[in-house]
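Shared between the two complexes below is subunit A, which pairs with subunit B and subunit C, respectively.
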Partner chain A sequence: MEVFARNLLNGISFGMVLFLAGSGLSVVMGVMGITNLAHGALYMLGGYVGWTVAIHYGMNFWLAVFAGGLVSGLIGLTIERIFLRHLYKQPNEQVLLTFGFVYIITNLCIWIWGGRPRMQFASPALSGLLDIFGMPYPITRLMIIAIGLIVAIVLWWLQDRTRLGAIVRAGMDDKEMTTGLGINLERVSMFVFFLAAFVAGVAGVIGAQLMGVHSILGLDILLVALIVVIVGGMGSVQGSLLGGVLIGLIDTFGKSLFPQLAMFTMYLAMIIILLVKPSGILGRRI
Partner chain B sequence: MKKLMLIVLAVLFMTFPVFSGSTRETSAAEPIKIGAVLDFTGPVADLGPKFKAGIELALEEAGYKVAGREIKLIVEDGATDVTVALDKFKKMADKDQIHICIGPLMGDAHLAIAPYAAEKKVIITSLINGMFETIKYKTYIIYPTTVDAQTYPFGQYAFQKLGYKTMITVGANYAGKIGYTNGVKKGFEDAGGKVLQQLWPPVGAPDYSPFVSAIKKADVVMFALEGPGPVSRFIYQYRQAGLKMPMVTITQDGDYTPEALKELGDIALGIKGEASYSWQINTPINQKFVKAIKAKTGKVPSCSEQNGYTLAKVMLEGLKATGGDDSYNKLWPAVLKLKMDTPQGPLSFSPEGVAITDVYVTEAQKKDGEYVLSPPLYTVKAIRDWRLPK
Partner chain C sequence: MAMGKPKSNRPSQGPLTRLLPLIAGGVVLGVLPALLPSYVQSIWTKFLIFAIFATSFDLVYGHAGLLSLGHAAFFGAGGYAVGVLMLHTGVTSFWIGLPLGVLTATLIAVLCGFISLRVSGMYFLLVTFALAQLLYSVAWNWLWVNSPGMQGIAGISLPDLGIPSFTWNTIYFYYLVLILFVICFYLVYRIMNSPFGYALRGIRESEIRMQCLGYNTWLYKFIIFVVTGAFAGVAGVLFAYFNRLISPFYLGVGTSFLPMCMVIIGGSGTLIGPVVGAMVIVFVEYFSSLVTPERWPLILGGAFVVAIMYARGGIIIYLVKVWERISNRYGSIED
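Showing the complex of A and B:
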C-alpha cells in the first residue's frame, strides 16, 4: 500500500513538472498558432538561472524561481518581438527558426555554465520529509504538486475567465476584426508569449528539484512537453494538466511495476491515446 | 495533430547529425594525427574537458613531437550519443585520415565503432574501461580493463570484506553499465552472495523515484549509472525517499568529481565504491602528475584526466618504438609489448589489447571541511579479464 501511495504522489509530482513544462507550449501553440520549439530551451535556461541565484549566490529559493521565470520570459519575449512576430501563420518557418534557437540557447548555457550537470536544489525549509499517515514523504514533491495546481488555476482563469483571454482567442480567429474594434492585439500577443516563456522558466527551477539541470535538457523537455500537448490536446490548460499528470502517473507506475519497459512507458501511453482520441483528451479537432 | 507528430519525429531526427568525408593518402612527412572523441555535451559533458586536459598534458610534455614527427590532436564532441560518436569517428577516419583515436566513452559507442575501426585499421582506445566484445576486432586498446573485469573484484570485496550477503543492483540500461553491473553481480555471487533484484533505468532517466520505490529489501544497494549527473540525481532521490539500506557504487573516481562531491555534500558520505584511480595514490610518478594537472586546470585530477594522460602516453611510447610509424601493422604490436609505470599504477597489455592494471576501493569522505574521495582503502593487483586465454 505504501509503495502504491508513494508511486501515486511521485507520479503526480512528476506530472506537475510535465504540465508546467507543457502548458506554455500548449497555450502559445493552440491559442496563438505559434510553434515554439525553443520552449524546452527556455525551461533549461530558467533552471540554470535559478541554480545561479539559489546555489551560487545562496539567495532565497523563491527569488530563484522568479528570476528563472523572468529571464526566460524576457528571452522569449525578445525572440517573439524580433523574429516570430514576422512569422505568424507560417508554421514551417516558425519550426525552423525556433529549433535554431534551441541550439543557440543551449550553447549559450554551455558557454556560461559549462557542461557540468547541476544537482537538484530546493529551499532548505522544504527539503525535509513530511509524515503522511506513517509514510515519510519529501516536502519538495508536495510543494511541486501545490505549485502546479496554483499555476493551472491562474492560467485557466486568465484564458477562460478574463477579457485578455477572450481577446487572444478572438485575435486568432479574426485578427483584422479584433484590431478594428480598437484592441492593441500586438500588446496582448506580447504578454501571452512572455507569460508562456515565464512559466517555462519557472518550470525549469521547480523541475530542477527533481531532475537538476543539464545541457541537453532543452531537447529532452521539448520532447516530453510535446507529448503532454499531444495527449492533453492543444490550446487547453485543463488538457495540459490532465496530459501532464496522466503521463507522469503512467510513466511512474510503468517504471515501478514493469521496469523492463522503462524506456517505452511514456511513448506507449502517447500511442494508445492517439489511437483512441487523435486530437488529444481535451483538444479541439484540427 | 499530424503536423505535431511530424515535429516530434523531426526533433528526434535532427538530434542525429550526419557527417560525410572523403579519403586521401597520408605521407610520413605529414604530422601524426591523433583523434579524440570526447563528450562536451550531453549527460557526461563535464568529463570531456577532463580527458582533454590529460591528453594535452601528455602531448605538451612531449612537445607535440615524437620520433621527429609533429603531432596534431583532433578533438570532436561525441555528445554522449552513440550515433554522434560514430559519425565523428567516421569523419576523422575518412576525412582526417587518423590512425589513432582516443575515446569515445560509452560502451555502446565502442560496439558501434569497432567494425569500422577494424576496416579502417585505426587503433582506438576506450576511455574508462571497454567492452569484451570488441576484442575480436584486434584494434581496441581496452583500458584500464574490460567493464566486467573492472568491477568483478568489487563484488567479491562487498561480500568478503564488507560482509553483505544480499544485494540489489541499479544499472543504467546500456551496454557499458550493464557490463559493469553484471561484473559486480558475478563477483558477489561467486564469493557466495545473492543478488535479489536488478533494476535497469533508461539512460537520461529524468526521475529515478519509480525505481527507488521498487527497490526490495537487501543488505546493500549497488548503483551503476551513466555519469556524475545521474549518479548525483539517484543518490539525492534515494536519500529523499528515506531509504536506509547502505549504498555502494562503481567507477567512483569518474563519477564523484570534486564538483559533484561538493554539491552532494553530506548525502554521499560513507558510500564506498570501485575506482580505477585516486589522485591520492602515494607514488612519485602520480604526485608529479597531480602537480602538473593542478597547474594546468587548477583542480586535482580524477580518473578522466589520468586516463587521457596515460592513453596518450601509451600512444607516444608506441610511436617511439616504431620510429614514428603510426600505421596499424607497426603500432598495434608495439603498443601491446609496452610495460609502463603510470600515475594509476603498473600497466601492461594482454596479447588481445586488454590492459592489465590495479583496481582500488575508495570512499566518499569529509576531510578538513572538504568533501573528497579517500585514498585507496583496498587494492587488487593486476586485474586480468577471466575470459582471456591463459
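Showing the complex of A and C:
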C-alpha cells in the first residue's frame, strides 16, 4: 500500500512537470497554429538559467524560477518576432525552422555551461520530508504538485474566463474578422507566445528538482511533451493536464511493475491512444 | 514553398546544352575522385551515401509533402541489419547484406506507415518522431543487436562481393557506392516523372481534390513512405560498411536532421537539389571538423535557419539560374 501511494505521488509530481513542459507547446500549437519544436530547448535553457541563479550565485529559489522563465520567454519571443512571424500558416516551414533552433540553442547552452550535467537542486527550505499518514515523503515533490495545479488553474482561467482568451480563440477561427473589430492580434499572439515560452522556462527550473539539467534535455523533453500533447489532445489546458498526469503515472508505475519495459510504456500508451482516438482524449479537432 | 521542376521548357536547347550537365556530373562523380587522395575519396563516398539518403527524404517530403522526423529509422534499420548479420552469423556477403538491409528497412517502413499514416499534418510528424525514438530505445536496450560491452555494433567489415582475389581499397568502395547511387537516382527520377509522381504532387498540393478525383490518397502516401524507406535502407547498408560502426544514434532524430538540412539547403522537390545539399553539408562538416568540431551543430542549425528564411528554393535555384544564363548565351550556337 505504501509502495502504491508513493508511486502514485511520484507519478503525479512527474506528471505535473510533464504538464508544465507540454502546456505551452499545446496552447501555441492548438490556438495559434504554430508548431514550436524548440519548446524542449527553451525548457532546458530555463533549467540552466535557474541552476546559475540558485546554485552558482546561491540566490533565492523562487527568483531562479522567475529568471529561468523570463530568459526562456524573452528568447522565445525573439524567435517569434524575428523568424516565426513570417511563417504563419506554413506548418512545414515552422517545424523545420524551430527544429534548427533546437540545435542552435542546445549548442549555445553547451558553449556557455559546458557539457557537464547538473544535478538536481532545490531550495534548502523545501528539502526535507513530510509525514503523510505515517509515510515520509519529500516536500519538493509535493511543492511541484502544488505549483503544477496553480499554473493549471491560472492558464485555464486565462483561456476560458478572460477577454484575452476569447480574443485568442476568435483570432484563430477568423483572423480577418477579429482584426476588423479593431483588435491588435499581433500583440495578443506575441503575449501568448511569450507566456508559453515563459512556462517552458519555469518548467525547466521546476523539473530540474527531479531530473537535473543536461544538454540532451532539449530533445528528450520535446519528445515527452509531444507525447503529452498527443495523449491529452492539443489546444486546451485541461488536455495537457490530463495527458501529463496520465503519462507521468504510466511511466512511474510501468517502471516499478515492469522494469524491463520501462522505456517503452510511454510509447505504447501513445500508440494505443492514437489507434483508439487520434485527436487525443480531450482533443478539440485534428 | 518553391516547387515544381526548375527546368525551362525552352525549345531552343541544343543536344549539347542538355548533355552538358550530365557530362559535368559524370566527371565530378566518376572521374575526379579517382585522381584525389584517399581521405578525400572517403569524404566523396560519404557524400554519395548521404545523397541517396537525402534523395529518399526529398521523395517523401518534397513530392508527397509528408514531413517525417523519423526518416533515420529506416537508414539505421538497414545498417543494423548488416551489422547483426555479421555479428551473429559472420556472413559478410554483399549479395545477402544489401537485400537483407533493404528488406528490414522496408518492413520497418511498412509498420511505421501503418501507424503514422492514420493521422496527418502535425500529428504525422509527432508520431514518426516518437516511432524513431522507440526504435532508438529498442536498439539501446536489446542486447541481441549490440556488440558485447557496448551500445551498437563495431567492427563491421567491408562487404564480400564474391569475386575471387579481390581486395578493397577506398576508390573501389567509392565506385560501388557510385553504382548504387546512380541506380537509386535513376529510379527516383522515373518515380518522379511517372503518373504516380504527378499524383503525389497533387496530394501535396490538395489532398481533398485528389480524393474527389478518385485517388486513394492513403495508398499513394503509404507506397511512397515504404519506397523511400527502402531507399534509406540502401543508404544505411552502405553507411554501415563505410563507417564500420552502427550505433543507436543512427536511428535517432539527430540523424533524421541531416537529410532535412540537405534537402532544404539544396532545394526541395527537385531531383538534383538534395544531392547538391548533401555535397555542401558533408564537405562543410569536414572542414568545420578541422577548425571547430564542437561548434558544428551551431553552424548547421544557423545555415538551416538562414536557408529556410531567406533561400527557400535552396542552392539549386541559383545553379539553375546560372545555367540558364549560360545556355541562353551559348545555346543558340549549337542549334
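Convention: the second predicted complex is superposed on the first by the 286 of 286 C-alpha atoms of A that agree within 3 Å, B and C clash if a C-alpha of one lies under 4 Å from a C-alpha of the other, contacts with A are read in each partner's own complex, and residues count from 1 in each chain.
Just so it is clear, a residue touches a chain if its C-beta (ideal position, glycine included) is under 8 Å from a C-beta of that chain, and two chains touch if they have at least 3 such contacts.
None of these values were measured; they are calculated from a predicted model.
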Fit-or-clash call for subunit B and subunit C when the two complexes are aligned on subunit A: clash
First, second, both or neither for A:S256, with subunit B first and subunit C second: first
Partner chain in contact with A:N7 - subunit B first, subunit C second, else both or neither: first
Contacts of A:H214 with subunit B and subunit C, given as first, second, both or neither: first
Partner chain in contact with A:R116 - subunit B first, subunit C second, else both or neither: first
Subunit B versus subunit C as contact partner of A:L275, first or second or both or neither: second
First, second, both or neither for A:P91, with subunit B first and subunit C second: both
First, second, both or neither for A:T140, with subunit B first and subunit C second: first
First (subunit B), second (subunit C), both or neither touched by A:L129: first
Contacts of A:F101 with subunit B and subunit C, given as first, second, both or neither: second
Which partner, subunit B or subunit C, touches more subunit A residues: B
Subunit C region in steric overlap with subunit B, selected from 24-32, 186-194, 222-230 or 240-248: 240-248
Shared subunit A contacts, counted only where both subunit B and subunit C touch the same residue: 35, 91, 95, 99, 106, 110, 219, 223, 226-227, 229-230, 234, 263, 274, 278, 286
Residue numbers on subunit C that touch subunit A, as the complex places them: 1, 61, 65, 67, 69, 115, 118-123, 125-127, 129-131, 133-134, 137-138, 140-141, 253-254, 257, 260, 264, 294-295, 297-298, 300-302, 304-305, 308-309, 312
Of subunit A, residues touching subunit C in the complex: 29, 35, 83, 86, 90-93, 95-97, 99-104, 106-108, 110-111, 219, 223, 226-227, 229-230, 234, 263-264, 267, 270-271, 274-275, 278, 286
In the complex, subunit A residues that touch subunit B: 3, 6-7, 10-11, 14, 35, 37, 55, 91, 95, 99, 106, 110, 114-120, 129, 136, 138, 140, 210-212, 214-216, 219-220, 222-224, 226-227, 229-230, 234, 251-257, 259-260, 262-263, 274, 278-280, 283, 286
Complex interface listing, subunit B residues touching subunit A: 1, 3-5, 7-8, 10-12, 14-15, 39-43, 45-46, 48-49, 80, 173, 199-202, 204-207, 209-211, 213-214, 227-229, 232-233, 236-237, 240-242, 257, 259-260, 263-264
